[in-house]
Amino acid sequence: MDPIDDIELSEEEEEITAETVLKTLQSAWQNERLAPEILPHHNDMVECMLGQIQHMERNINKLPKTDLRASIHKMELSRIKFIICNYLRTRLNKIEKYCIHIINEERQRMESGTNYLTPAEFKYAQEYLLNMESHLKNVVLDKMPGNMQTLELNKMAIYPNLQTHVFLKANDTVSCVVLEDLVGDQDEEIDLEEGSQHILQYKPVADLVKTGKVQLV
Amino acid sequence: MFAEKVIELLKEAERNPDTIDPFNDEKIRQILEEMHLLFKMNMNDANATNENKSLWTTVQVRHSALERNKRCLLAYLYDRMKKIKTLRWEFGSVLPPDVRELLSDEEYQWFSKYSTNLASYMRSLGQDIGYSGIDLTENLKPPKSLYIEVLCMADHGKLELEDGDVITLKRNSRHFLPTAECQTLIRQGVLKQIV
Amino acid sequence: MDPYEIEFLGENRIISVIPNFSYDKIYLICGEFGPFRAGLPLNVPLWLAIMLKQKQKCRIVPPDWMDLDVLENIKEEEKRSRFFTKMPNEHYMVEAKLILGVAAEDVPNSSEIKTIIKDIWDIRMSKLRTSMDALMKSGGSYGRLDHLTLMEINSVKPLLPSAMDDLHRIRTTSKRPTTASLNTSTFSQSGSSQNI
Amino acid sequence: MSNYLSISDILVSNEKVPCKFLHDLPKMGFLDPSAADDDLKAGTNVEIPLWLAESLQSRRPPLVSVDLPKIYKDAYREILNADACTVDMHKLGQYFYELGCYVAKHDIKGEVAATLENTFKQRFRMLLSASVSTDTLSTMQPLSASERKRAAAAASSENALSAWLQRGDCPLTTANMVANHRKRKRAEMEMF
């Protein structure tokens, strides 16, 4: 094997501990809960945690039922299950609410290989939209006069409000975040020092959320 | 005035955000009728615009009313769909008969399709690593303790626990159960946590 | 988010307990803890500490800041300052509530401590209200809030962000379009299409 | 625009605004309740729902000119700018801000826009106090529909916080819609 390839491989495969995955998943969950739009999925982490849970559950079964350690492990597992369920549910809520918009965007993202949805989520979104369309058609649209029957998806689409205000904490120092100033037509720039907290519009920090430079709180 | 019936329908939906009312078949029919009437008048007047040019503006006004009616009907259905989704998450895939009858046949069909889609998504979770799926309607709140004390609110019958024990849930009976195994029954109002 | 969800996050904080049992190290997904030696302090996550305490398996070592003198100082400082002062940790209220809730007997002067923490909390909450009003009056589009803890930030949701959103919407949609245009975008839904 | 399906936006656009018709409208006499004619004559002043007014106004040439509802005119603007907190929006402008955003476009001088912003900023403290008040009846009463929604949401997070401060556990509860349907069913049964 080419030695250079070898090095690259080993760097990529750098050992990530379950502890780190759990921390990352928790902050992904927090961000997903607090961001107006759907964020890139973290399916690898979800699956990693599910694997850990599975493994742990098998071990717990070997312990006597009243063993203190069994209770401790069970408690930790239910904490992790809570995060996973809440995280996935939050994503489903957004997928349903913004489904027309998300499907459109996702089709473009899939072309460039930067999809935000897991294949299962995308399938869910498409099926959801299909069901919604056929329901609206069956119940009212098909019974309307001829020129009123079209389903105007563009009109019906609901978009996440990227102008909404969010709270954040800076993980790293980021300089020159541009806040649009509507009053004076003059944009304002601010610096986010590491550890500082702010309330501002989501839009100028959307990318910083996705790259992990800031954490929504 | 145009599009007034449809507003009554929406006001009704806005008044009761936490319950679903019976599907208002009759009103929907009346609104669709109004739309057909407006459309018919428009067809007639559109043909007569050669003689009377100002009729064209009348046609446009009616067209706006048609669009308005359409928008309102769609908003009504959409609002109900949101509520029907909530029913799936809260009651589960089987609705109690008294709730079921508030839905039109088409809505019940939509409920079933929604439920199927959701179930197949939940089954797919973790499939790659040999999981048989995750029920996302569980684990709604941060866990606090592994066991809780509950009061039974209705005769529910037998409940088999993971460890093989079988208990009978009778109205007003009290139990000390694993949180994970009674959270769904609490959500459905069969059990109540004693605090 | 629900306060219990914020509490859930706070429960990951590490605190010190003195177990009354001995066990080997325990390998949790969130890290390794132990070995447990009866009578010797060790660090565990707060949720585990609470769980052990409820099972009467440990004593909780109160965090350094849970001390009357320290808290008196914090309270004075908080009263004196126009701004929010830095709290001993970003989950002080969660820690206080949980520890004083199940392990009051492990904390010296627990009832005085409870009172003074509540005082600090109340001072900060009323400051928070005043600064929200000031923020909205000053234009309400950006604010810096260092030293506010998660639970405090959470307490102003949804009111503050939604008011800032409303104000933003009022500003952008009530402005007359600067260029005369046929754009009727805000009303496209009510059917202004020109054809039938 | 993403409010096509929004019921509250539909209700806002159902509010009536004063309009003057600029052209004859055959067969539309019924829009003017005081007229007996079949046709609506140019120059007639009528109050019509905002959605219709906007649609007619956006035609080329416009079919109506839209006038400001009373609450956005000089006299009220003066009161609002002096002390917006004294105004009972529940009586005078249920949809004050929402409707205002639509009609502000018809105010060339931009004074309506300024009043909306100013009013909102002033009245924010009413939301603050309504959210912590124990006398919700009187603090909520003068609020507009959207202000009431905001204040109610704030009050419920306030309640959640004090409940959290007071208790050690996180009780599991019956789901919201389940509970409400149970309640309704019980109420129906008691009626018979």
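Labels A, B, C and D are assigned to the chains in the order they are written; within every chain, residues are numbered from 1.
In the analysis below, a contact is a pair of C-beta atoms (placed from the backbone, for glycine too) under 8 Å apart; a residue touches a chain by one contact, two chains touch by 3 or more.
Computed from a predicted model, the values in this text were never measured in an experiment.
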item: Winner on C-beta contact pairs when B-D is weighed against A-C; value: B-D
item: Centroid-based (C-alpha) most distant chain relative to subunit B; value: C
item: Subunit B and subunit D: spacing of chain centres that average the CA atoms, whole Å; value: 26
item: Geometric centre distance via CA averages, subunit B-subunit A, whole Å; value: 25
item: Subunit C-subunit D separation of Cα centroids, rounded to whole Å; value: 34
item: Residue numbers of subunit B (touch at least two other chains); value: 60, 64-68, 71, 74, 78, 140-142, 145, 179
item: Residue numbers of subunit A (touch at least two other chains); value: 71, 75, 79, 82, 147, 155-156
item: Residue list for subunit D, restricted to those that touch at least two other chains; value: 1, 4-5, 51-52, 55, 59, 170
item: Arrangement of touching chains [line / ring / star / complete / other]; value: complete
item: In the complex, subunit B residues that touch subunit A; value: 28, 32, 35-36, 38-39, 66-67, 70, 73-74, 77-78, 81, 85, 104, 106-107, 109-110, 113-114, 117-118, 121, 124-126, 128-131, 134, 136, 138-143, 146, 163, 179-180
item: Of subunit C, residues touching subunit D in the complex; value: 2-4, 7, 97-98, 101-102, 129, 132-133, 136-137, 140, 151, 154-155, 157-159, 162-163, 166-167, 169-171, 173-177, 182, 184-192, 194
item: Residue numbers on subunit A that touch subunit B, as the complex places them; value: 46-47, 50-51, 54, 65, 71, 74-75, 78-79, 81-82, 84-86, 88-89, 92, 96, 120-121, 123-124, 127-128, 131-132, 135-136, 138-141, 143-148, 156
item: Interfacial residue positions of subunit B with respect to subunit C in the complex; value: 42, 46, 59-60, 63-68, 71, 141-142, 145
item: Subunit C partner contacts - residues on subunit D that touch it in the complex; value: 1, 3-4, 9, 13, 51-52, 54-55, 58-60, 97, 100-102, 104-105, 107-108, 110, 112-113, 116-117, 120-121, 124-125, 127-128, 131, 146, 150, 153-154, 157-158, 160-161, 163-165, 168, 170
